[in-house]
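Dropping the structures in below, format is structure tokens.
What follows is chain A paired twice: with chain B in the first complex and chain C in the second.
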Partner chain A sequence: MSFVNGLKCRECGERYEIAPVHVCELCFGPLEVEYNYAAIKKTISRELIESRPPNLWRYRELLPLDGEPLTGFHSGFTPLVKADRLARALGVDELYVKDDSVNHPTFSYKDRVVSVALSKAVELGFDTVACASTGNLANSVAAHAARMGLRCFVFIPDNLERGKVVGSAIYNPTPVAISGNYDDVNRLCTEIADKYKWAFANINLRPFYTEGAKTYGFEVAEQLGWKLPAHIVVPTAGGTILPKVAKGFEELVQMGLVEDRPCKIYSAQASGCAPVVNALHRESDLIEPVKPNTIAKSIAIGNPADGYYVLGAVRKSGGWGEMATDKEIVEAIQLLAQTEGIFTEPAGGTTVAVTKKLIEQGRIPRDEAIVISVTGNGYKTIEAVNDAVAEPHQISAKLSAFDELYANLSQEPAKQAKSA
Partner chain B sequence: MAVHRFYLTYTDDRIKEPIIYHVGHKYKVITNIRAASVSDHVGILALELDGDPDEIERAVKWIAEQGVKVEPIEKNVIE
Partner chain C sequence: MAVQVRIPTPLRKFTAGKDSVSAEGESVAKVIEDLEEKHPGLKARICEEDGSVRRFVNVYLNGDDIRFLDNLTSAVKNGDELSIVPAIAGGL
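Here is the complex of A and B:
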């Protein structure tokens, strides 16, 4: 049974039938899925959700499918780690890490949004899916397309590192490397999406795709024992996840699944690509595009599609935004790894670094529950921390050599990590 | 014929230029402004261009050469 009424323009309110469209014909505003909340409220309950398998589809009434989901049966419901050692390091009482670095199958939160987008793609009659991506999105679209048996095109800039190409190419999509500067590649991809009428996960399926990000918020609330956190720090790239976490929390309140209590949402960006945080600091609604220059490539989006809605969600919640330098990001990746055993990519390092900063600034109080959003896996971006970690101690294959090393180590317990 | 939709971003040094007027005279495209926001630092314009695809391409290239950033209304789609 479908609980979807249709699509609605976020700007002018114009309504549209369910279709692979993403922009309002009248005002160019983005379209969003509109649900029949009254009907959902009669059906959904904590007990029903808890009775279902631990994946993102346990919240299916609040996701935009008409029929059965077709992929993502192991995506979502990632750990909410109570991070006591990191809490001590940051000087706070109660801290959690929502860890999508272990999301199935491609180790980032993108498996949530892609599960929804590709299930919807098949429901809408597509046999070909596509995306334009330099990393996590391409990995996820290619992997889910492979298991669904769909034809898949992945568009990338032609200067992308080989390692990032392999992460998608292994699933055997048709990878297309486009020459030209970033803006040209970006524009061509939208023209291809317009002309070829394939299911582009984050273009013509964007209204459905973004809904998948709500499940990140749903899970945080459920895993906290059906309550909203007092504070949650979320990275901002294209601006998908933060407003959808906010929407997810609002829906849980509206459905009577959690108590309505203040939950401040904070946007985290890298200093080398912080158009949204800059706008927050300027108290402006206008997001000035920037040319990214940061190691946090997965969140280096200079002109975010939904940046404006990040501003709205952060301000409505009473939150704030902050940015972290590349050095702070690398230090934060190490801190998270060395306190909690979680290896995140620079996007997660950004969130940890920004959380630290917001605590030090007094923006986040030390005695309230804080959730840090980790959205991707560090094993994909080894190069970001390669120079920051300790080199192994070299010894010959003799016990006496290790004895000597161990004696020296005992005298100098400090780690041999290079400075970040 | 084709209809393409763009966001044009003007920085403060280009904000007074009548670029839409000129592009409509230099190229055979119909310009249709659908939304606009302007601050002290930046101007953002939602523009529809209607015409032959090659002529639209030339018009877009010329606008970009004037120092105005031209992007699809989807903004950055490479994630």
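Here is the complex of A and C:
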């Protein structure tokens, strides 16, 4: 059964029926799903949620389907890793990594939003799905479309990492690389979506798609023992996930599933593309678009559609934002890998680097629980760290060759992974 | 200065369903004024009351976001293409 009332403009409040529309006709504001919270509250409970399989659909009352989910039966419910070695390295008491680098099946947080969007696409009668993507979304749409037997087009910038290109192509969608950056892809896809009437996960299905991002927040709270973290650092690209994590936390409070307590939310961006963090630092309500220049391609969005909602959610929570240079991002990817055994992509490196900065600045206190959001997997973006890691020692297949190598190694000072 | 203006779906009720219409003016602002003359109601959807572009609307002149040009005062010339595009989600 459905708990959805309809769609509502986030800006002017105009209401719409459930349909593949994403923009308010009156003011161009984004449309958002409106739920019957009173009815949900009568149904939902910790026990009900805990009785369900460990995937994002355990929170289905708070997701916008009318019928049964059609994909994502292994997506979500990723580990919340207690990161003690990273905590020591950063000098804090209690630190967690919410690790969507191992989300099923395409190793990023996108498997959440796509599970919702593609289930909804079929519910709305579509047989062709598509997306504009910096890579991870394309991987996820292509994979879920393959297992659902849907026709699929993915649109990506033409400068993406090979792992992300092959990571879509393997599922045999029609991949289209567009010369330019993600903002150019976005602009074109808006026009393509208008003309071809396909289900674009992040365009005409955006109201449903973005709801899937709430499950990241739901899980953090459930995995902390039905408790909101005191601090959570979330990367910002187009601005979907951070406001939806905030909304997820608010819904849990409203449903009586967690206690209302202060939870500060921090936005992480790369220095080469930080329009939202710049606005936070300027204490401005105006987001100035930028031309991205960073190795963190998955967050290289110079014109963030939901940037205003990131500003709003961060400010309301009492949080802040910071940015990291490419060098800091690479170092942070290594730090996370060498302390916690988690290999993330540059977006995750950005979040770790920004967390480190916020702690050093005293913005995040050292004695309260902190959650770092890792949303993607480093195996897809090896270009980013290829030059930063050691090449293997080359030897012949003889014990004497290893003995010689080992003797030389033991003369070298102890190295690597001692940052913790 | 005749330019082609690409109209997104939510605004086509003002252009009799057309996805592209022509308009005139030597700047983006003037083109929007002319659009309003020819298709009354359009301007209020694109701009705030003070005339600035609404924050969830992106305006592109020949594919470039006008915020990287001279915004509403950006000069237009014969044959240019103006696109009005709603902001969309993405990334990560």
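Everything that follows uses one rule, which is that the second predicted complex is superposed on the first by the 393 of 420 C-alpha atoms of A that agree within 3 Å, B and C clash if a C-alpha of one lies under 4 Å from a C-alpha of the other, contacts with A are read in each partner's own complex, and residues count from 1 in each chain.
Here, a residue touches a chain if its C-beta (ideal position, glycine included) is under 8 Å from a C-beta of that chain, and two chains touch if they have at least 3 such contacts.
In this text, all values refer to a predicted model and were calculated from it rather than measured experimentally.
Novice: Contact-wise, after the overlay, does A:Asp403 reach chain B, chain C, both or neither (first, second, both, neither)?
Specialist: neither
Novice: Touch check for A:Glu360: first (chain B), second (chain C), both, or neither?
Specialist: neither
Novice: So, does A:Pro157 touch the first partner chain B, the second partner chain C, both, or neither?
Specialist: First partner only, chain B.
Novice: Return first, second, both or neither, reflecting whether A:Ala237 touches chain B, chain C, both chains, or no partner chain.
Specialist: In the superposition, A:Ala237 contacts both chain B and chain C.
Novice: Looking at chain A, does chain B or chain C touch a larger number of its residues?
Specialist: Between chain B and chain C, C touches the greater number of residues in chain A.
Novice: With both complexes superposed on chain A, which partner does A:Glu383 reach: first (chain B), second (chain C), both or neither?
Specialist: A:Glu383: touches no partner chain.
Novice: Once the shared chain is lined up, is A:Ser133 touching chain B (first), chain C (second), both, or neither of them?
Specialist: both
Novice: Return first, second, both or neither, reflecting whether A:Ser284 touches chain B, chain C, both chains, or no partner chain.
Specialist: first
Novice: Output the chain A positions appearing in both contact lists, the one against chain B and the one against chain C.
Specialist: Shared contact residues on chain A: 22-23, 27-28, 110, 132-134, 136-137, 182-183, 186-187, 189-191, 202-203, 206, 237-238, 288-289, 301, 303-305.
Novice: Chain B touches which residues of chain A in the complex?
Specialist: Touch residues, chain A against chain B: 22-23, 27-28, 110, 131-137, 155, 157, 182-183, 185-187, 189-191, 193, 200, 202-203, 206, 237-238, 284-286, 288-289, 301-305.
Novice: Mind listing the chain C positions that touch chain A in their complex?
Specialist: Answer in residue numbers: 6, 8-11, 13, 19, 45, 54-58, 60, 63, 65, 67-68, 83, 85-92.
Novice: Which part of chain A faces chain C closely enough to touch in the complex?
Specialist: Residues in contact with chain C: 11, 22-30, 108-110, 132-134, 136-137, 182-184, 186-187, 189-191, 194-195, 202-203, 206, 209-210, 235, 237-241, 288-289, 291, 298-301, 303-306, 308, 347, 375-376.
Novice: Which of the residues in chain B end up touching chain A in this complex?
Specialist: Interface residues on chain B, with respect to chain A: 4-5, 9, 34-35, 37, 39, 41-42, 44, 46, 60, 64, 69-79.
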